[in-house]
Every structure is written in structure tokens, then in C-alpha cells.
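There's a structure below that I have some questions on.
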Amino acid sequence: MSETEQSLFDAPPIAEQERMVEAILFAAAEPVTVAELERRMPHGCDPAEALAYLRRRYEGRGVRIVRVGDAWAIRTAPDLGYLMQKEVIEQRKLSRAAIETLAIIAYHQPVTRAEIEEIRGVAVSRGTIDQLLEMEWIRFGRRRMTPGRPVTFVVTESFLDHFGLESARDLPGLKDLRAAGLLDSRPLPGALATPGDEDEASGQTELFED
Amino acid sequence: MSETEQSLFDAPPIAEQERMVEAILFAAAEPVTVAELERRMPHGCDPAEALAYLRRRYEGRGVRIVRVGDAWAIRTAPDLGYLMQKEVIEQRKLSRAAIETLAIIAYHQPVTRAEIEEIRGVAVSRGTIDQLLEMEWIRFGRRRMTPGRPVTFVVTESFLDHFGLESARDLPGLKDLRAAGLLDSRPLPGALATPGDEDEASGQTELFED
Amino acid sequence: MSDRDWIDEQKDQSVSDRLAAEALIVDVDGFEGPLDLLLSLSRSQKVDLRRISVLQLAEQYLGFVNKAKALRIELAADYLVMAAWLAYLKSRLLLPPDPTEDGPSAEDLAAHLAFQLERLQAMREVAARLMARDQRGRDFFVRGQTEEVARSRKVVYSAALIDLMRAYARIRTKDEFRPFVMDRHDVFTMEQALDRMRGLIGYVGDWSDLESWMPEGWDAHPMRRRSSLAAHFAAVLEMAKRGQIQIRQGETFAPIQIRRKEGE
């Protein structure tokens, strides 16, 4: 209201008009003509003059005020065009061996290679582990305090990120898998502890909370 | 070898880095994280410092550099909103239940559905939660480590962006509510204390107090 | 409703509001549950929620429920549950405290109800303040013309959570059929030991330690050694019972020795 009243008497100061043009050009979905600026700004404004100031202000900046036909727009400075590149990511599915290995690490971490092989019932190739390490979905955990002090594997932050998990504890448990129809038979007596079991929870505590 | 490379690609001067950040932020509608800036800018750049300069430069202008959680964006100055009728997006009208549920999630997060219901004294309809999830104003947080491991809800970055908040700590009146004890989880006297209480306290600490 | 409206509404409470509160009776649908109704009723007391008279509030609520009944308005179950609880609370508040009774005092219960109302009220207020903030797309705006970001290719291997769950389910399901194969890896059964010893017994002419008859490869791993020893011990007991061999042990924990029974 007060803006309208003010405009009846005199136009806002030119610095204020410059702000207006800046905001309008920024938010507009397409280039804006001076006539359109005039329609949108309070009565008595001089968008052409405000534009000239704004143009000067953006000289040498990361973006510029450019003329497109008879309209105006904000555009990236041409010398910075290379920043507008993003690596596009071609997604490829992980191999079955890799995803199974990853699943075992996620559910049983920290876990040694021998344990992974025991759970999968198949040898784990060096390449599979390397691939997961390289993707930064797994990393080395603490060494197991058993003979040979084997290294263990744990999942990383970027693994959690990728799968939209806040922590490995949020992985669906066996119960959830069964409810989702992904697992159909009865639990295996004496099976390895699954996430959610007290046992494992304490193991994970060690991992995540220190 | 790497030393030679280093000297060949010295970080650009800070003024130049500021231009880069400016260009990248101008080009994006959604907030850009510092990590993303770092990925896109030449090696050795310090986007956080460049951002600080840029922010100061835009003080009082028609557009502002704003912080949204861990990310940054350019937004028009709110006092110029009246010029943007053309850009106004028809907003879906939220029901009173949805607004209250949203506020409860924002102020009590992470919060379970049962807790929302306890505060409102009424069941939360599936549709309300769905709507807020769909708008991407809330998302699932960690599961509560209590029996049943209920899921929790937290607000998103897009919620912060929508309401112009730098972080959930900046919610209006948050401090007063906490000081008045109105964010405490206080069970009905005589009811068994739920084991979730500890957890909740620490969850909130994590979110708001560090 | 903005902040302002809220405050105004609080201030403007008058007789007409009280009349409006009476009119609540015909509009139960307008309430989001009993707590919401209680909060509305509490406004007629025109005091800070912290000083509210819960007793008076309970009476108002019960009055409301009675009127609804008189008007044959069907109340949802949770309204009736609240009514029952408030009736109980009211009686406890009116009677002198019973020192023999365990559990929370009526005052504690009343204080908790007041806390719940205050909290709900506070949430309503901050919800209003939140909605009164400048909002994206209404008061401030994002870049209208975003710039295309050119794309260069990079291969990244990915998997969805569902793949991970399926893989894990696959392994675990396989597990459930495995005990018959896998778990016997380290188990030597008595039947196996019997078969084996039957073939070997012809060579056991003189007393020899049972342990020297363990199959190859079963003495290195402790679990396997224990299993095969137990199986062979059981097998030789069985054979002794059948009169095929003889067993002896010099003393406790001394080596167990076997030999073929003469005449076999």
C-alpha cells in the first residue's frame, strides 16, 4: 500500500529501482523487455536507466546483464562457461558378486574376507573387493584381534548416502525382508545375528559411536 | 610430478573464485553445497571463503546469498516480493492438520508418528504424512531404538529453503519453547517411562545444540 | 491464521465468545479431537494456560458431552474416553487425597493435562509463525532461468537399496538350505566313523591308540578333531558292543586303545 502511495508522488530512488530490476531479471523465466519492467515496477520508475546502472554493476562479475533481442536477461560470464559442466554419471548395475559382497559387509560389518566367503559359500575375488573400495562404498575397518589379525571391512558414509540411510542400523532387518516377501522361509536356527539383534547392535555401536 | 602440477594449477585469486561461486549459484535453482562448489571449481579453491565475500557483496541488493542447511542459494529479497506476481507459484493449500503436523515435526524432530499424535491428541492421517513427504518438506529420519524401532520424521533442506531458514535451529520461537519445557517429552505421570526418552533427548541435542 | 490474528483472538474473548463456546455443541466436527476441544473450552477461562483450572475445564468438557448426548449427537470414541478420564480426574480432585493410594496424585494428572494443552497451544502458535514467514515462491523467488549444465560422461556403478536387500535375502535364503551341506563340513558322523572303522578293523591286530586312527585332515582344526574323535569313539563303542573289537583305557584321561577281537 505504502509503495503505491509513494509512487503517486515520486518514483523510488534509482538505487532502489536497480534492486527491483535485479530481482525481476533474476526470477523471470525468460528475458524481460523494458516495457514489461515498466509495467511491473511502481509508477514513475525508469527501468532503462536502472538497467544501465545494473549492467555496469555486473561488469566483470561472474554473471552479466545481456540483451536478448529487445529483452534483458542475466547470464553466466562466457569465460566461466566451463564451470557449467558436470560429470554425467552413467549408471551401471553392480555385478551380482559385488552386490552380495556389499550386502554381507553392510549387514555383518565389521567382517573379514574369510567371513564373507563363508556366508556367500563362494570365494570372493580380489577384484570385487577392489571395486567396492574404489567406489568408496566400503573401507577397511579395525583389524580383528584373532590370529593373523585379518583386516575387516565396513561400509562408508558414501554408501549410506547412496542408499539414503542415516546409519547401517537403518538397513531393513531380516524381519522386514520377510515382510516384504524377499525372504520366505523360517529363520535359520542358530543363524548369524542379524541387524536388530542385540548382539549386532552392540557391535555396531562400537563402530558408529566413537 | 605432483609438485609441478600443483604449481601449474595454482588456485585462482579469491576475487576470481568469488566470480565462480557467483556464476554457479546464479545458474542453479536449488541450493548448492560447498562440497559441490569445490567439485566444480578448479583444484585448490576455497569456496567457503569466496562465499563469505560474495554474501557481503550482495547485502542490500535485489537478490541475496542465503544459506540453506549445508548449501547456498541466491534468492530475491523478500521485500521485493510484490514485484513478482508473475512468478508466484500457486501453492497447494495445506490443511490445518498438515500445518500442525509439519510444525510438530520441525520443532520436535526427530519425532515418531505416535509422538505427533500424542501432542495433537488425535490420530494423524496417512494422507497428511504422505502429503508432507510428497512436498519433500519432511523425510524419514533414524529409527528410534525403542521396541518396534519406529521410524522418525525430520524436516528437509527443501523445507528450510521454502521458509527461508538457515537451519532448523533458526525456527521461530524455538529457544522460548525449549526454555519453557514445551519441547520436552513428558510422559503421563504414572505411565512407564518409555525407553525412548534418552534417545530422543540425545537426538535433539545432535540436531539443535551443537 | 497469522500471529496477529491469534493474539487478537485471545484478547477479544468476551461474553459473545462464551456464547460461541456454547454453540460448540452443534459443531463437533469442527474439532480435531478431544484435546483440541479442551483447548477451545479453556479459552473461556481467560487465564494463562499455566493457571488454568483443570477442575473447571473438566466440568465444562463433561457438560459439553452431556449436552451432546441430550442432543443425540454421536461422539467419537476418543471424546468419550476423554470424558471418562476427566470424570475420574474430577472425582480425584474433589476428594481429599488417599494416602494409601499409589501412583500419581490428582494434581500431577491435572498438571500434565495443563502441560498438554499448553504444548498444543504453543505448537499452534509456532505453526502460525512459521506460515507467516516469507515463503519461497510467494515472497522470495528462485532463479527463473537456470542454466543448462553441460554433461560429460562418467561410468558409475550403482545399486538400489532393493538390490541390496534382494542380494542379502538371496544369500540368507540359500543359507537356510545349506545346513545339510555346509554345516556338516566340520562334522564327522558316527555312521561315517563306523563305515570307516569296519574297513580298517582288520589291520588293528594289537592295542593301538584310537587317536592314531583319525582320518587324514581331521586333526588340524580343533573343531574337526573333536568331531571325528567323538564319532570314532562312539563307533568303536558300537563295534565293541557287537563284539568286533576290544577297548581299554589305562586311567582317567589316558589314551583310549582298541584292538581287533581275537577270532573275528
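Every chain is named by a letter (A, B and C) in the order it is written, and numbering of its residues begins at 1.
The rule is short, and it goes like this: a contact is a pair of C-beta atoms (placed from the backbone, for glycine too) under 8 Å apart; a residue touches a chain by one contact, two chains touch by 3 or more.
Note that the structure is predicted; figures quoted are calculated from it, not measured.
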Intersection of contact partners for subunit A and subunit C: B
Centroid comparison with subunit A (C-alpha atoms), farthest chain: C
Separation of subunit B from subunit C, taking each centre as the mean of its C-alpha atoms, in whole Å: 28
Subunit A and subunit B: spacing of chain centres that average the CA atoms, whole Å: 14
Residues within subunit A bordering two or more other chains: 23, 26-29, 74, 76, 84-86
Contacts with 2+ other chains: residues of subunit C: 141-144, 147, 149
Subunit A-facing residues of subunit B, complex: 18-24, 26-27, 40-41, 60-63, 74, 76-77, 80, 82-87, 141-143, 145, 149
Residues of subunit A that touch subunit C when the two form their complex: 23, 26-30, 73-76, 84-94, 96, 98-100, 102-104, 106-107, 119-121, 131, 135, 162-165, 171-172, 174, 177, 180, 182-186, 188, 191
Residues of subunit C touching subunit A in the complex: 141-145, 147-161, 163-176, 178-179, 182
Touching residues (chain side subunit C, partner subunit B) in the complex: 32-36, 38, 78, 103-105, 108-109, 111-112, 115-116, 118-120, 122-127, 129-131, 133-144, 146-147, 149
